[in-house]
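Below are two complexes that have subunit A in common, paired first with subunit B and then with subunit C.
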Partner chain A sequence: MVLKVDPSKKWTGPTRPYDIIKEGVIAVVVVALLAAGLSLFFSSPDEKAVTLKSWSNTNAPDFVQTATGELAGTTTSAGYGAPYNHAAKGPTLGPLKLQDWAGVRIPVDPATSFVTEPLAILNDSSTNDAVTAWKAASADQQGKWATAYADALGKKPDAVSLEDTANAFGPVPTMISSLLVMAKTGALDGALTTSDTPLPTNFTKPLLFLADSEGYFGDLAAKQHLGGDQWGVMNETGSWPGQSWLWLFSLWYQVEPFKSSGNADTLVMTLMGFLTLCLALFPIFPFIRKLPYKIPIHRLIWKKWYARKL
Partner chain B sequence: MHSALNMALINLDHPAHYLGIGPFQVSVGNLVIIVSMFVIFALAIFIPFPHGKDE
Partner chain C sequence: MSSTEKNWTARLRKSTLESMEPQDLLPDNQPAYVASWIYVFGVLTIASLVMLIATGLVLTLEGPAWWHVSSVGHFWNSMHLWSVELFFVFMVVHLWGKFWMAAWRGKRTATWVTGVIAFMASILTALTGYLIQTNFDSQWIATEAKDGFNAMGIGAFFNTLNTGQAILLHVALLPLAVGIIVVWHILLVRRKGVVPPIDNDATIEGGAF
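This part shows the complex of A and B:
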């Protein structure tokens, strides 16, 4: 049965009193009591912050390899593109270079921002000499030193420093060892969070540095099922429930072609935008707009009304 | 931090259990919430309101 309603005419069907203020107050009070009551039973996640200090003390070899990669320009942040640098075009949507067009708004040169700038505040003559030698060298020479050290560390994955027997590493071992000392004491966290602001409120640089870790940071995420290929967007740390309403966003990251695409974020957001548009335009699609007649859940909600009409 | 969490009557500060088939994977915590939403929806439909008479 299809009910046709002329919106220009006054409603003459059944009415019922409705007090939205009363309902709103009841809803707020009930939800507040539920939240307070359930928090007594279940508490809430309070995971300890992951820092450069915890990283360097837990997995020093991974820190050393990542820091060397920052000097060599081989890390994710070094090749990320906008908004940090011009190293890549970033995600695109067909001819639309979405990330590139947004521009470099938070300039970050990993070798400078994560290594040489923090080392400059260290009051140590050998470190200062190493940084001076690094800055005086050409970009080509810097690349050779850092790449040689990164390759050597790659062959000894448990090492935190290596002897320069072939005189191929330049000042890199001294710089990286000093950076490791800074990181282990927590000084590097302070240096990176206060490099742009006097108060330690900007975590962009330490987060980028941490995200470049191929061992420590990724392992932490994988253990908590927070990886993109683990429905991580939906999950919370520990056994607490997470953001289950993001299931459809998360689903696309588990299936091809999104799963293996380097452009997955743009593809998923575009698809979700399209699906949201379809939902908004629900009434104009010939077949879909008939679905409520085939799946009449609304008749369950308004069962008294339909019972009376029939 | 952890001592405060352990004071909760039900401690959820431990690795979660996950259920999955193929590419689908869901934590038990999320599944409980999803099932609870369906149950509350069903209850809202079938339990009569105290003053729910139509005028």
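This part shows the complex of A and C:
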């Protein structure tokens, strides 16, 4: 005869000795020994942080092209939208303007924040004149100068400055050359991190600038298999395990329709939110709540108990 | 409504202290069916959380840059890293074990839901930990993760590029949240008892709520 057990009732059947405190202490000791052993054998990765200084000294042409792109408004940051600026409308999900609902709460105008504001602290007359000329020009004129210089740099990818033979670049070459000098000395890192508060804890501006780089920051990440198409966020530098628990989150970015969607972040975040809700609601989903009965893995888990009943 | 039912203190005492007997909270015996290796993973998850808090506290003593310049600091960072790796391995095995045991039976849905919330809160806590490594990995993760949060409008409030914000979230608010949820989860387990085996004919589920 099968003993029927109502799981909502307090257990009144046979028991076995158990020491919850002893079990807990042994578990902590076991985990401590495991962690210590793994730490001694495998240590942990520490790939040194990069800076605007290391970028400009390692790949000055990329720095120059990116900085010019900030003035031309062609970088990712310059066209980002909320929460940094109004340059673009953020992705939507049906009628929901998800990216825009909170507005611009972390204002960053790359041309100003990354270029003209830092240059203002330089005590250099030619740079000051160039910045003054830039600010005095119309937005249309600024765009023409910056775009012309960006196009010219694009044709000479190894160049860090170009002669303005056609008088088309305006003050841009002077500004960018001065910015490169600042960056190479490390002054630009300091300028961007202290622009809002004198003691920096917020690295939004230098990181956004670095992330706009096409030939440095992204390349370093790709070499460490951290790219978005390499299951990036769940990986760690070197051969260490990373955030493997983000595997499902990373998976969606590797498959269609998310892989080629310009709205991938919104779609993946929404999907993961929905799946998380589903996980929490497993107990009330008719099909899922019956799965443990249909696939009897519980027979293995309670093998001793079932054997005892027989 | 009686005066006792209106009294907040009496209601709190009734729903906490009086809802559980000392034997439920600190048992020296368990139902005979609690005899499987799968039960070990719950306590191992908690043990890993204890290790995470302990190693994290050691790291707070010298600040976030300590481990870059000190071999002792690097060792404790490694301990913290491997503790979190073990924590998630144990937690995921525990979660799947509970799924195949249909552990929400017998009005244990709240136990399941608090477990899922603890899992999600742990993922967010771990992410903030990766953000405050102050090395290349943290820089890259910050710039990538910002797009996900920004896409939902959350980035306006949780700025992954703001290391100071991530540090405070990681060492204060989020561990506190995980700790509270885990304690709540454990108390629910102790109050309801360990879910019994699924009967052969599975006619009695005891309800999810």
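Assume the second predicted complex is superposed on the first by the 290 of 310 C-alpha atoms of A that agree within 3 Å, B and C clash if a C-alpha of one lies under 4 Å from a C-alpha of the other, contacts with A are read in each partner's own complex, and residues count from 1 in each chain.
Going forward, a contact is a pair of C-beta atoms (placed from the backbone, for glycine too) under 8 Å apart; a residue touches a chain by one contact, two chains touch by 3 or more.
Computed from a prediction, not measured in an experiment: that's the story for all the values here.
J.: Could you let me know whether more residues of subunit A are touched by subunit B or by subunit C?
T.: Counted on subunit A, the partner with more touching residues turns out to be C.
J.: Would you check which partner chain A:F274 touches, where first means subunit B only, second means subunit C only, and both and neither mean what they say?
T.: It touches nothing on subunit B or subunit C.
J.: Touch test for A:P241: subunit B only (first), subunit C only (second), both, or neither?
T.: A:P241 sits against subunit B and subunit C alike.
J.: Is A:V28 touching anything from subunit B or subunit C once the two structures are fitted on A? First, second, both or neither.
T.: After superposition on chain A, A:V28 lies in contact with subunit C alone.
J.: Figure out whether A:V255 sits in contact with subunit B (first) or subunit C (second), or with both, or with neither.
T.: Once the two structures are laid over each other on A, A:V255 reaches subunit B alone.
J.: Taking the superposition as given, does A:F285 touch the first partner, subunit B, the second, subunit C, both, or neither?
T.: neither
J.: Kindly classify A:W231 by the partners it touches after superposition: subunit B alone (first), subunit C alone (second), both, or neither?
T.: A:W231 contacts subunit B only, not subunit C.
J.: Overlap the subunit B and subunit C contact sets on subunit A and report the shared residues.
T.: 14-17, 40, 42-43, 45-46, 48, 224, 236, 240-242, 244, 301, 303-305, 308
J.: Flag every residue of subunit B that touches subunit A in the complex, lowest number first.
T.: Of all residues in subunit B, those touching subunit A are 1, 4-5, 7-18, 23-30, 32-34, 45, 54-55.
J.: Mind pulling up the subunit A residues that touch subunit C in the complex?
T.: 2-11, 13-21, 23-24, 27-28, 30-32, 34-36, 38-40, 42-50, 80, 82-83, 90-91, 98-103, 105-106, 201-204, 207-208, 210-211, 217, 220-221, 224, 226, 228, 232-233, 236-237, 240-246, 263, 265-266, 268-270, 276, 279-280, 282-284, 289, 291-293, 295, 297-298, 301-306, 308
J.: Going by the contact rule set out above, which residues of subunit C touch subunit A in the complex?
T.: Those residues of subunit C that touch subunit A are 26-36, 38, 40, 43-44, 46-48, 50-51, 55, 67-68, 74-75, 77-79, 81-83, 85-86, 88, 92, 97, 99-102, 104-109, 112-113, 116-117, 120, 123, 126-127, 130, 133-145, 147-153, 155-157, 159, 161-165, 167, 193, 195-208.
J.: Using the touch definition from the top, list the residues of subunit A that touch subunit B in their complex.
T.: Subunit A reaches subunit B through residues 14-17, 40-43, 45-46, 48, 223-225, 230-231, 234-236, 238-242, 244, 254-255, 300-301, 303-305, 308.
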